[in-house]
């Protein structure tokens, strides 16, 4: 079987600090593999059997290759970096379109297309489902666990009010909804083996997409304006000896916001 | 004028990480060296004892006052400047700057707000191809540099970089009578065993003790003395009994990308056997070598789910029966160097599959978190016992021995503890033959037994040519070791030096020399 | 020459023989979509007294009513039991209701729902489609958008209309930036975070119901759907969350928290520590390994605020923390923090 895992490089939001204006400080923050994607890859590696192949791919700037390196160290077999200056500024649709074009051109026969639920740097987690629609395959959102069942798979999905168990046919899109903070680290063996694995680069022309199909020009939404919101966290600290006082205060706050 | 406030009985100034609690009247918080000297002078004229305190991260009660006032240096913090001499770059720092703060400033590589101690040093350091850092890693990165110097702190990286002492270029020390001495290494040296130096309008000259401080092992037991010694070395590791560090120059080392590794072994003996081979293999060349025995791993597995501090520690493989943790500098020949690791691992029941590695800061931090969780978990466990058994405290060894005696000491630990029927974990700086043995106390009875066994460990370590306090220092908790090491005479000789520098005996009473009778 | 500019009269020749007479394009707007009105997918949830209109659906109908002068369309999936909801839906402001009564669609299936809503959009050609940013909405909306090649603004917290053009507001970059976004094509699509608009008053109304015939091509092979909570509640939908952490040392405090929650109309969630202890189900866990929530008020009791937890509640409105550890990181990102014992404060709130 072949598994294709889509990943993203993100700034480590855990390392981000807040400046005096309440804005996130992004400079100097290390870039990491999106934890949801790392979990998705770990799930795939867990169900992989000998003879299976795990391919990872990402769309991003050249330095996103670091995130792919990490995937190779964890045990992925090969990696693709979809990169082109023309991809900059892509919205969900333009992103999904490029990813779908990549999949159709390079790994059309994968048993599963696996995603993390969302990127931690503030994206909304729509990409997997747009890709599923463009590939015209079934989608399995909020997946908690995935097991092999003959030629297909069984997924357990967390829909909040219901937990769904469903059969996942070959070629579906699966997005994993959780992160395991205690996930394993690469082994030294994994690291050494990854050194020999190349990262193939794919650009816009190789995807066969025109300049108006990708990036900002290929986007179907447009940011009209942005407004920075000053930190709404007022950060008032009160040391209180009588719990009833705190209780009163909280109750009043609740009333006030009704 | 300086800030002086009465201490409440539950004040943070009365305790440190040893959880020992003391007594004190006032806390004085000087803003600068001038205020510090004024405070010392006034207290000295009244004969009022003062105990120096900064981040209170010590584990031997060094900053816990027994009487009198506390001088907290908390406001004297920050990196002042950058300089360069024939040995290399150094940073000029105030005493309460934490190791973390020093490294953050250096990592930021923006020195525009700092002073040039030597001309052009800032610009030249900023232009270096790699960032620099202060390499002594005392594990507790939130401790102050002054505290680190006062107890000659060391840690895992002592394996490569040596203890704090080796990184001190210059000190400004405020003496108990209110004068100060500002000097570099090499400015004042003893002639034989006669030490002389001027300070303000005074001139001190005295005989130093006749013992030779053991530098062949990692050692933090008492102040250093030896023939023709440098005055710097007398203050480094003296735990504040001779003077207060008001400013220091610390040398910096170039930072290199590092690969952290944890190698799992089936059993304790396999891991310990591998230690020796890794240490003697020049190709591997680890930055440090840390050991976690099977019981430590079991302890971590147990607290994994409930301890929020373990939140990102990777799950420990079920098969792992012991582990070695070591960093390697990232070089072009990693494949070759790892083949040496592989050969050693395979000889001792492990392999490169049974391992973790990581070169990103996040991954490396996850491995460090795991190692640091062991002492913290024990600390919290003991704290939970305190309710039922108020007298109890953590029982951990801090003893180092020479390479040749490492096996004997390890065997002695388990033999004695097993015979006493105590539960324990072993982990720590195995590269320097300095593992920590922590007893998991269950009852006051255990506590009594443990104290007794500890005495024997200390005697054994000294007998084998080691140190009973390799990195934690003496403070107020381990003063018994002083006589064990230096005899009654040695301690008396130290006291004589103290009497000359601090005739009224006001400074840091109780540290090293014990309470004055 | 007649003195006109750029050939605005028929006497001036132009180079382009296909060019329409000047002004005509503007007058007739031939290049413009005829899309009008707003379509809302209204989720229906099974309540103890039969089917109920999900809050997010009701809110969106109310919002749509105020945003358009055109028609408000709604689509619901389900059987005849939904008839009882018609009046209420019209009361909220629906003009035309499409009821999909296909048996095979009574069970939720994202692919078929997306296909069906897309078929309706072909028929209605609405100017905008609004879908609640619920767990279902978040996966169906993008599927529709990609299928139809439309722009989609996800997780909006505000909508404004400029004619039929929608300006959609959503937080970006961890909530430090509010971005106004528009779609470049009709129909415009948005998922809207529950609670962004007031739920309209309940009233009975009249309107047109159309049974929409749709036969899905693909039906999921669902093996089971187990309800996770007895009351069908989801912490992601809560407006107020009482969240409990490691500082809750006594299990009975969970009951106290539940009792307070009932009183103030909140739900109880927790940090990872309590799930690990087995005191709370995983479905109540907030954080990276649990759920991402964005209530209006987040009350953190005894939560230390590890970064992983923080990631799950970063978008909350107001954060109030109670923790007796003054060094707990939660205090640094709360609007208001009390250094006090979480259990004591909870009990005091319960007594009020």
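By written order: A, B and C. Residues from 1 in each chain.
FYI, a residue touches a chain if its C-beta (ideal position, glycine included) is under 8 Å from a C-beta of that chain, and two chains touch if they have at least 3 such contacts.
For clarity, every value in this text was computed on a predicted model and none was experimentally measured.
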The chain pair with the larger count of contacting C-beta pairs, comparing A-B against A-C, is A-C
Reported most central chain by Cα centroids is A
In whole angstrom, the CA-centroid distance of chain B from chain C equals 55
Between the Cα centroids of chain A and chain B the separation in whole angstrom comes to 42
Note: chain C sits from chain A at a C-alpha centroid distance in Å of 21
Two or more other chains are touched by the chain B residues 311-312
Each of the following residues of chain C touches two or more other chains, namely 272, 308
Multi-chain touching residues of chain A, meaning two or more other chains, are 181
Within the complex, chain A is touched by chain C residues 45, 108, 110-111, 114, 134-136, 138-147, 149-155, 167, 171-185, 218, 220-229, 232-234, 236-237, 240, 264, 272, 283, 288-291, 296-297, 299, 307-308, 311, 317-320, 322, 326, 331-341, 344-345, 347-349, 351-352
As the complex stands, chain A meets chain B at residues 12, 15, 28, 30, 32, 70, 181-189, 191-192, 195
As the complex stands, chain A meets chain C at residues 13-14, 16, 18, 22-24, 35, 91-93, 96, 120-122, 124-127, 129-134, 138-139, 141-142, 154, 158-167, 169, 178-181, 219-229, 231-241, 243-244, 246-251, 253-254, 257
Listed in rising order, chain B residues that touch chain A in their complex are 108, 261-263, 304, 310-315, 334-335, 338, 341-342, 351-358, 360-363, 366-367
